[in-house]
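So that you can tell them apart, the chains are marked A, B, C and D in the order they are listed, and the count of residues begins at 1 in each.
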């Protein structure tokens, strides 16, 4: 049984969330409607409302639990929770903020490494080419994760149906895209 | 360093809506700027606008006039009369060289404690922007006061 | 030279914690004309009051300023104190240091400075106060009770039993209100109609009660003790005196498929109808918006079948003006339409219903005669999910308050359902169980422990239909908010209680204030819960806030006792805060020039012309004159008067200018 | 109507038939598409998953490009791109600090002048009685209209009032002679964001969607989002693994359904590119 030491609330994860998303987690009265409607809830280690509860406690143990949870990576950003939340808590925005913070603090849940790898591969391809090049994405993703056999059935079929381009398109606008990456990386960074 | 300018503002309010609303602000312990002193009238209909001029002449930096919402007047129509007369009166005020931003007309019901605090705070902030009301000696010379 | 006494109250620490009361009283002592200035912990306490009494005598004060809480709180108290020590009560003013200073500002020098300003302003005012003498006005000893639900019925009976006349006005064709729709009542489970209908009959037959059903209050004029109300008696299209209530007309009526309001749309009624069997009065009305005759100009089946020839197609709305001394508002509440809850599919799925509809299903007089059946196919539901807070405590949907009654009736619903369908499963999704009341929590425990109702703490996210079942997607927040999916046969929504339709218009007609949710406002949240800010008008029941039956009845009796108290004397004294037209020595007589602008300004028609005649009877001058009985003291005329001949006692030009000027002195 | 056109990455690759079918029906509907020059990726779910500023800057650049090209309106058929664009627009309108940071990250000026429009509201405007009266075929099939998440949520940004039970697509289907069914999965999530990383979850979520549609007798599911389409169409293996059932119900883009009603050649509509064979065809009127 952990004893609650309520420490100064300026350096808590809740205050970080407030600062990043202007969502005050104290709004949440724990009705659980978000968890009830969340399509990914059954897969999560902490359901969405429990994430908020941990944030409300403002204790290091809870903050750590949130940042190292699988939940924040399983959030599909389907917006169902915020659309139905009686207190209008923008959970998807909170999840976004928590993910980047989880990466920064190197607390990413082991099972979430693949998901992070995917996001990074995705962003790298568009950083390089300005647009998504699906084969490039899959290739890099496989390199990062060693899921060499995944989708081997789907990919050729896609190719045959002309759904996969072998070569990336090189967009004129890609210089802009790169610049955007450089600038924003220096701001929040940590996405590659 | 010098003190920031603290405007002095008088609020003419009706007894039934805004005065009660301001009481509610208190009972709800909502904090607001202390630059405003309230003068209680039975109804905004009672407020004689020369009193506004006179206040400025005496050194007010701003005036708030607040009563019941339309149709909510405890005396049926006092607030309508107040509003109607105000339309005529404001031209005189402008003629007197009073910046209309210094006069706030608002409706605050007995249930709107938070709204009262917000009105006071925004008014104080705006008038702090405008700075002290200097024109009054001149007004005095014009013999209005 | 005036001798003012200033009395600064600490109000325990309510004022002294942010205002330096000692400094205030010191500062006031130096104001010219102040003969006495002290501060004390509790001015309203006995010792505090005697402090004032003694000072008045010893220092023979000519005026008093009590700097304490809001005058809306204690002005009467301190004015009484002055009167007791021989000082005219209207020479006493209150400076509001609590609600408008100490409670809203931090502890700092400027707060104390403001306090000093406030007190000095009132010192300047009180210096100019004049002794005033209360006005006596006669009281019309008849009460108007608006609304014939349980609250209105209770208030009417209490007043009538105290041998006072009552006029009871009900908007619907029958009295009874929501209570008549209920099945059984918590926490005792006695049948709602069994306890209500005797009261309804008593109210209808009481010699002191005049009942107007199918009627509405159009307007209210006048003031405490002397109101005039205009009642619109809507055309029933039936002669109530002749009608015997046999019901032949309803049987004859060809239009039978109109959703019954009483049965919340679960049952049907005809175009000429009595809302429910035990209706009082048991006389039908014709719904002119549905009746074939009124729509197409022919039919009249009911008329041909009526043995008493009581049908009156040509009947018109009647207007009745009544004189009353006091008003009790008991217009009740309504339930929030749940169509604004798309995720729960109300209006899409027949078997998703409101709590009130479920009351009708449970009621022996209901569309299913008390058998629990699904609206869609009439089968007996084996699994019902009850959803609490369906609309209440939901800022996103615009209602942040708790509707108060849902926790209890939901427990009752689940319980009664289990009693009627033994092999049934009842689930309740809840956020908190608010069962604060005598025997209430025990009742909920019974539902859980003895009737094995499954309580799940969590809100439901969505209800949708999958092969004939209603899929309820909820979560169990006591198990880490695990998603829970229940295949239900029926879903009952505990919808929010909201102000009744027309509440706003009525409040405006009566000049009583109402809150952001259109519930009527009481004069003080704790100490004056049944009064309104308008003297002589009282509140009873759910029109003030969501309430259950015991609370509504309690408040109704309280309102009744206020009325009875008011009627206990033949005259009542009114504050002399009224306008007066000045009189001066001849040959001017009055500075009034007779422009009579004030006539148009006065909302009460209290100002008329007065002829000043000479000895020979010749009219020397016509000036304005205020009728002290009608004047309410708004002072609109004062602001209108060009020649400053009309002034408002207690708020004179002299007083108000002095008060304001002091602030900038 | 002349309107700017932002295809987005998927419509160039895995969902090219969406773009093809749109281009194929546009002339008949009097829509003139002006493709955005030098358009780049909107960042999709990955950008906002990791970096709010990036997730706002990428769409902002696209919108700036559109302004540069004097496009008053920009049609964004991909629901995901659409969502990113309107979210970015909303964020930039609200947050001045963010606006400065974003402005610093690319050269073109951004004012937010260009209106972003989704496929449903453009088609609703274009499918006038004049057009529908002249349709050679009727698409006389029972269909389940699947909206997914991002066309309707969050209502605060999409301003969709019927976000629990949208009807725009159903109305369009009625116009071409189809029978849209009432069903329970209109706006349930298909799991798009985890399509590659948690295919099993996608199988689960899409399984529920297909099951309900089939149970209600739908002959086809109509979609307006490449993510929804590729999950429902290409992930059948994962779906069948989860549900233990086989599904043959085809998934059509709304543009393809309309194309069929317009009598456009199936090849042009890219129907042959689907994993699940599309048997449904239009019936000639008369």
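Everything below uses one rule, namely that contacts are C-beta pairs under 8 Å (C-beta built on N, C-alpha and C of every residue); 3 or more make two chains touch, one makes a residue touch a chain.
Please read these numbers as outputs of a predicted model, since none were measured by experiment.
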**Prompt:** Higher C-beta contact count, A-D or C-D?
**Reply:** A-D
**Asked** Using mean CA coordinates as chain centres, what's the chain A-chain D distance in Å?
**Response** 23
**Prompt:** If you average the CA atoms of chain A and of chain C, how many Å lie between those two points?
**Reply:** 52
**Complete:** For the pair chain B and chain C, the C-alpha centroid-to-centroid distance in angstrom is 30
**Prompt:** Residue numbers in chain D touching 2 or more other chains?
**Reply:** 163-164
**Asked** Which residues belonging to chain C are in contact with no fewer than two other chains?
**Response** 343, 462
**Asked** Mind pulling the chain B residues that touch 2 or more other chains?
**Response** none
**Message:** Under the stated touch criterion, can you name all the chain pairs that qualify?
**Reply:** A-C, A-D, B-C, C-D
**Message:** Could you list, by residue number, the parts of chain C that touch chain B in their complex?
**Reply:** 70-72, 96, 98-101, 103-106, 110-111, 114, 117-118, 121, 507-508, 511, 513-516, 521, 525, 533-534, 577, 601, 603-604, 632-636, 638-640, 648, 651, 653, 656-657, 659-661, 663-665
**Message:** Show me the residue ranges of chain C that touch chain D in the complex, using the header's touch definition.
**Reply:** 342-343, 348, 462, 464-467, 471
**Fill in**
Counting only contacts in the complex, chain A reaches chain C at residues 29-38, 41-42, 46-50, 80, 84-88
**Request:** Please give the residue numbers of chain D that touch chain C in the complex, ascending.
**Result:** 162-165, 184, 212, 215
**Message:** Considering only the defined contacts, which chain C positions touch chain A in the complex?
**Reply:** 343, 389, 393-397, 431, 457-462, 473-477, 480-484
